[in-house]
Amino acid sequence: MASGSVEGEQSSLADDYDALISTTDVELLKRAWRNEKAAPEILRFESDLITRVREQIELMEETVEEKLTVGTDPLSVSLYQMDLDRTLFLLRSYLRIRILKIEKYMFHIRKTEELWNRLSKDEKFFTERCTDDLKKHLEESVLSKLPENYQSYERQSVISEEDDMVPEPRLDTFVLCRSKEYLTGIQLEDGPVDDRSKLFEMEPDVLYFICYKSIKSLVESGKIDLL
Amino acid sequence: MYGRKACQLVKEFASGEKGQLTPFNNDLFDQVVAECSQHHGELQSLIRKMQEEGLDVQTARNADHYGALIHLFSIVRNKRCLTAYVYNRAETIRNLLWKIGPVIPKEIEEKLNHWEEEYFKKHSAALKSYMSKVLVDLTVDMVPPKDPYIQVRVLEDIREGIVLSDDKNPNFARHSMHFLKRTDAEKYISRGLMEELTG
Amino acid sequence: MAGQSNHELSLFSAEELEFIAEDEIVDIVPNLKMDPLCLISGDFGPFTPQIVTQVPLWLAIALKKRGKCSIVPPQWMSVEKLTQVLEAERDSQEMSEHLPFHYVEISRLLFDHARDNISDAYMVRSLIEDIRDVRFHKVETDLEAFNGRTIAVKIKNLSAMEVNIVRPFIGRALQAFYKHDSPDLIPDPERVSDRRPQVAPNAPRRQLRR
């Protein structure tokens, strides 16, 4: 440390640091859970966060087990158990929403590199199995019975120029969001009406209903939270 | 009219209660499939006719060209309806897995066709394999957890058949109050022998 | 097959809203001695009789149910504060900023589990209900002001429960406006007048809900 005179500054830095680390992983998981629930498309898998939360869950499971064997008072054991149950619910629900999104848009996710890269290793494996199974099911039940030029599950016929039969999420859905800081210069996309080419501003802690497409990148960068 | 049966098939699915399945309509389904082959036959013969007349199939705009187009669109429309029928039923089948688990009750099984049964089994295996890899059971905890214990008051003396998960044997005398696991208390509450206390 | 909406995925259930609200921090006065709890969601305690400490609402309710503490209702849950809020809500079209995002869930949880800790509980409850009603009415009036030029809606101080109620409506309405405003979807005016000759050509566009 250069000199003692910056002590005040140091302690405020330390405060910031405290504020930063005092955001618990459960809080972060809750945020990821809310974003995933509210976003129409699948978001990036929070790999590091999930690893940390799982470690904490395991540790807590051991702690509860230990407290039970040494005969700690049942009251505090039941409180530890409740805390554990709440965290487990968030983890399960987070993973479940992602699996439900994958089930719903599996073909689209599998063929879109950007989305594919957002999945965890296990999710990728699941998606591969799912798409193979559903493709086979469609082929056996319908497609193989149709004339030769119409047997693709992705395209209506051989003359289709793009994949015109793959369901994808609607990114023009309106979502509810909130920003932590003052944001300016948000481009509202794709509007034929003049207003839409204008830039949009967001005040901190005010709720906005807005087209998901317009704020997609801000959700990805963590600047905006969905509710 | 072309496409009417396919439309009927889709309507049949759409008018059903959400999340419920009606028996797979093999009869109508096969009729739509047969329609597709008929259209395809007509389409081929119109193209052959144009070729025999020395016309360029890509650029000629005569009656046969437009006739062929109608058959092409009819096949595509029928295909979309057939696929939508199977695809949406498959979605309902996947959702059943979340609701009732990997064993299908007889009354639902009867509504599935052979391929749907296969699909259900395969998808269920895929989900199971995912869950065993992440070591988390996703089929439980569908709603947020509540305090596992509740406060109850006994409304009538309960003397016999008391079974609690913690092997304790409390005295459930009338008007006595207890702190029990919700799962233990529920059977007494539903029989009107206890009431839950709040506030 | 394409373009199905997924509203059922994006909504929070009433239970989930309550779950989120249960993480709000409240003051409690314990009547037992207990070591600090080092939970995944944070460290709380130590617990000493008659010494106020701060815990999440779920923990407060669990202790209260077991007769181990009393809960100090949050400041805004007093007759005095709520009377002020109600007046402010009635005087202005703006939503009051003095209530927390989860005021509906927090007050319901406290009424269900810690009624005896709320002074003038009856009065407090009826004030909160009045405030809810006034606010819902305001939200409805706000919705009437929507039109096809609405691209984003700014809502100050709307609570979680209110959000959940208006969400499906606003989401779908905005989506519909957005879609119908697209020029290639606007039908040919001649065809429209052919089909509906009774409509005068200069008739003003009908406003929503007016």
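General remarks:
Per-chain numbering from 1; labels A, B and C assigned in written order.
Basically, a contact is a pair of C-beta atoms (placed from the backbone, for glycine too) under 8 Å apart; a residue touches a chain by one contact, two chains touch by 3 or more.
Computed from a predicted model, the values in this text were never measured in an experiment.
Every chain gets a centre from its CA atoms, and the centre nearest the mean of all protein CA atoms is that of A.
For the pairs A-C and B-C, the larger set of C-beta contacts lies at A-C. Averaged Cα coordinates give chain A a centre that lies 23 Å from the centre of chain C. Mean C-alpha positions place chain B and chain C at a centre distance of 32 Å. Shown for chain B are the residues that touch two or more other chains, namely 80, 83, 87, 144, 147, 149. Counting only residues that touch two or more partner chains, chain A has 78, 82, 86, 89, 100, 104, 165. Along chain C, residues 1, 19, 58, 62, 66 each make contact with two or more other chains.
Of all residues in chain C, only 1-6, 9-10, 12, 19-20, 23, 32, 34-35, 37, 39-42, 58-59, 62-63, 66, 68, 148-149, 151-156, 158, 160, 163, 167, 170-171, 174-175, 178-179, 181-183 touch chain A in the complex they form. Those residues of chain B that touch chain C in the shared complex are 80, 83-84, 87, 143-144, 147, 149-151, 179, 198-199.
Contacts from chain C toward chain B in the complex involve residues 1, 13, 15-16, 18-19, 58, 61-62, 65-66, 111-116. The touching residues of chain B, counted against chain A in their complex, run 33, 36-37, 40, 72, 75-76, 79-80, 82-83, 86-87, 90-91, 94, 98, 113, 115-116, 118-119, 122-123, 126-127, 129-130, 133-134, 136-138, 140-141, 144-145, 147-149. Residue ranges on chain A touching chain C, taken from their complex, read 24-27, 30, 34, 37-40, 53, 56-57, 60, 73, 75-76, 78-80, 82-84, 86-87, 89, 97, 100-101, 104, 164-170, 172-176, 188, 191-193, 195-196, 200, 203, 206-211, 214, 227.
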